[in-house]
């Protein structure tokens, strides 16, 4: 309330300042002109207004215009060469004060620009959206990588875990947030308000999200949870519209069946690990009978990887089945998936599958591989319908994580290991 | 609520992880051991717990122990010399990518340490308190200046204006916050709850504060406002216990009679400018009849400066009066103050008086100088009882600020200029 | 939160009391047994639990069982004949103390029963639902009228205007409340969440509701408002899905285009008058440019009344048009409606049309009659598509209300009066 | 917020209505004139304003003027004799419909008046204050008893348990509420904010209160709780300023050491029973280790009763000690208290001591009698320093209550019974 009034009234009142600004650089000022002005003025007398106008200009530009603005930003707001030269000239290796002076001398001006833009209430969400567009623009323009680094660096600091708040999303949540949940669900589409209602308001369903205080209506990431009496082996029964409820007090298993990052502009800033662990804790506090915490996860990289059929992981029978017009049988697909998940690696030695990499890095165990678990078009196209449970066992998380972090050891259950050698 | 449970339950549950930690580095681990561990582990499986324990260790240390911890931090978590050497070796002046690589290579490890400590809910306030103690320790230890720079750098980013929220403090405010207002008032002491009550709950009084979302019960800065029918020339009638109220709808003047920074650990991060301007806007929205926004401010540097009697500003009569046992007459003191405020400069050319520098930098005008305005011990000791009004005139703020920022021009009313030459 | 825990924990703990209750009257106890017990015990040691179980029993009964419970209640919890006889015996006409004694002696026991049932948190909504079913049951059982009077008497006291709170319903409102708005809209159906969104979240639309603190998620009545630049003559443009917005700051007219009572169980307790007047006030505070406050209302009784073609209001041409297979032309229908609204009366002399009676009683003026204003099936079936504006003019409300209340004078604009005689 | 604006703006706007009201009955209208007007008008066009002005007039009157207003109200707004005569004339004993008609015919007009006054937001608190003054006035004017009955009847309905909300009062509670706790504490005076702080914010102290939604800043009743490791035998250690804390998780006993009714105007409407039982439940939910719930209560009636030395309860030695100049020894006083509490009765057979009657009626057991437990002036003057524990044992509450309610049986522990015969 106060914040909104601030924008309206403060600027409403500073009439002559605005008029002058509009007459001077204002009305015909480009976003870059306004950025210049914002950086140029050490004081902040009209800084908030300049920042607001600058972002208005940016938002009003079309895709091409925005790309140009990014290019200009990358050019103009890089590192101050003279200052850096001077700092390096005064430096002897090992002198920590001198090194720090270099650090600050080498700070790109774009970092200060982004910080100043953020001063206006509501700016954080706009800057996150700006970076989403920067990521698009940077795809075919490597010169923008530096600018993107600056955004990422600041966002990592601003979206520090200590600043986030967890909220349970349910049927008492404002519609303005719920409609974003519908829009952001990236794994198992929410088909509308009725579908949403059962995911947040059924007695055996939960949905938790992280928020940042400066973006109170915009979830950053959310996880959907089903309370069950057994570890599930397929997604359809969980998102079915007609189903019997489990009494939450009777449930022994909590299933994380969908995790969605909401803000493309926060790519590279990871919240999932923290969210899962806090949700485990929230659920244990509410329902002490819960004993098992597992995911029901897709295997997004399976078929893409299998197409190139690496020699060392798959056998001839595997390759033949993959090449056949009908593809492998469901059971065979599960065995191939087990081999893939336990053995396929990236150059750095980490798990090839991105979802596996995420959960193993968090300290989870590769626990079950299920055939015919996701018969949707996506599930078939990516992984012949295979899905996986990763197990979060509080007593082993630390050791699992260490094993994976230091030796890239993939901790898998005996059953999965057996399946991988079948 | 959720956050507190998080600490209790998540850590309560991760029993074996904690046991292992306690057995290993844990129980006998020093703060520095735990800092090492926190920085060493790329993953975060037990990171929150490590961070929490590390801060517990720090808080449990005595002043001497803390000083030692700071020294160790400064030594161990400086810039990585090898990385920096390598980055500089690969650098040609003017190559922006290479410069950015230097920037990130030269980032002191203490910055990442502080970011990781901040991940635990509630950590921000503890880090701010930690820096307050660092400032004490750094006073006689210049080697800690670099570490302090890192704290200040991160706090500047985290306490960005866009993240702050303004709140009006009144009699519906929780007692836990009100007692902090009593404790933090730095200018005109609040003598107890009755005194506080009139400053926040009288119909013609207002108190506004900035808060950071991660420190919801801890004000960062606050300003006290009196609504009056004329620009006041003394503080006593404003903080008197028995006085007639002004109907707020009849008031034409808002007087900022006290501004207090609350967090010593946030020294160097300035909020006052933003706060004053937003309060102007809040008050205008509530009470459209308000026409004049002024301060009633002390002149803290006057007598200290006058003691060294600079030739170019004061005349012989001034010096004689200052040197006399009785000091200057009130009227004479006001004239000396006017000379001081309009002419006394620091080396950089800015106003010598810190309060003057603050308001002039914000775009205010030096508007009135009052004799016998603050007869308290403090007021007499610092400024022979002189106080000053700085005027915030929305139409002139921008120009005043520019004049002061670019040419160090001190904008003063004709009356003050006349007084200065008397 | 506290309240929910209360039910769970208090009763959870009072194990032996509950066991005893279950063994004694409890498990096999009917609703009536439990009502008896609740009334019988002067103290309240187990009263909350008894009340809760009694309502559970009632809710678990089917429609027939509920009817029987109501009949039993009417029989058992009437007036105490002996007490009343005694009070009357001790009475002399004009003795006010004795009269009061009669009043309290004649209080039906069902009133105290309803008050005791209400002690359990959450009971108020259940009692309102109970009365909705009582109204159904009373339709063919006049013996239940007395019991219904008791409900209505208590509800009138409990739902006193002073206890209600107004809330603006918008897109930040919890979904649990929004879905009730969809369900309760009685005049112009809301077809789903998209339709709802525009009615509450479009910049030129508002929706306000009254709530009772004991039913915080259940609106009692709500009104939908369109902000426009002219008094509208048809409903379709207002509820159209694709339309241009009016800038609220440019709007001069607020149109109350739908008023819905939500709780059947509160029949006879009227909130509409208070709601409209408070909404006028809320809108004026938000948007000082609004000058005109009108309804766009249906004429629900027109064709039903016209079918019996009363001699004194309609002429031969009217009757012929009504009787023709095509019905009257739109313009003719409007003229008939004007005659109906200005002249058709109930026996008591009040306006025949229920909607007209409501607004005239509130002090509104019959301002415009529009042909072809509601072409929906309902609008045609009830009123040949005619709709009406009632004007709420703050300066005339009091006089209009007095004229209608004391002399049944229907205040209509010159234009409507002219139309009525055409 | 909305409510406050309502009063200002709606009435601000209804300028001409107000002018007319002021010119007509308004400006010179007495409270009674306005009451008449409020009752006379069936509609409510200007009803809210009339109600507000009427209460303003009442509040502006002095004590004598208020007494006169009450007398006028009692005279004018009694039962309508003609209506009642007619209803009785149409009545045959046993006809329930006719009896109900009598009930409604015999309703004093003051009830409807009070309901109409309550329509204005904020009126409930003013009506409660009005009744407090009525109780004063009624002390020497028995003719006001009927009017008071009407207030009490409506308040009983409005302040139904189902409408109340419990809140824990702590250091995050608004100061505006806390200062009322200080003012309302009736048993063991709170000497200021520091004393309050320890009662609400010490880790082993709790304070709970009931509120009504229409009086959100005004507690109705509150109870202070100490968490201890043993049943206490004296008040001083509990309210001591310097004392060691008990870890709440180690506490086994919850002591209700002070219960204060806050609103004199709600005399006769009892909340204490409900509050104690809900607090028991809240504490059990928070601290499952609590096993024992007792009071530490005064014996307010002891010495007053002892002065008349009833033959059948006290012996000669008792009487002699009471009559002696030094009074009984502490131990003797405790024995006398035990006799008093177990045997002294009122005419109806209930316990003579009001505090005993309250707790026994709630189902508590008279558990311990302590000598020298309250050495304050009050404690000595009322009960020679004796205090008492009443035990709330969930398993026995129901039976104890029944025994007291039906047979006036005072359930006391063996120890107290033994003491009584010593």
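Should a chain be cited, it is by its letter among A, B, C and D, assigned in written order, with residues numbered from 1 in that chain.
We adopt the following convention: a contact is a pair of C-beta atoms (placed from the backbone, for glycine too) under 8 Å apart; a residue touches a chain by one contact, two chains touch by 3 or more.
Treat the numbers as computed from the prediction; the structure is a model and nothing was measured.
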Review point. Among the chains, which one keeps its Cα centre farthest from the Cα centre of chain D?
Key: A
Exercise for review: Would you mind pulling out the distance in Å between where the CA atoms of chain A average out and where those of chain C do?
Suggested key: 49
**Study point:** Distance from chain D to chain A - Cα centre to Cα centre, in angstrom
**Key:** 56
Exercise for review: Indicate the whole-number Å distance between the mean C-alpha point of chain A and the mean C-alpha point of chain B.
Suggested key: 35
Revision key, fill the gap. Where chain A touches two or more other chains at once, the residues are none
Revision key, fill the gap. Each pair of chains that touches is included here, namely A-B, A-C, B-D, C-D
Review point. Residues of chain B touching chain A in their complex?
Key: 2-3, 5-6, 9-10, 13-17, 20, 41-46, 48, 74, 78-79, 81, 84-85, 88, 91, 93-94, 96-97, 99-100, 102-104, 106-108, 115, 118-124, 145-146, 149, 153-154, 156-158, 160-163, 165-167, 213-214, 273-274, 277-278, 280-282, 284-285, 361-363, 394-395, 397-398, 400-402, 404-405
Point to revise | Complex interface listing, chain D residues touching chain B | key: 171-176, 178, 192-193, 197, 201, 217
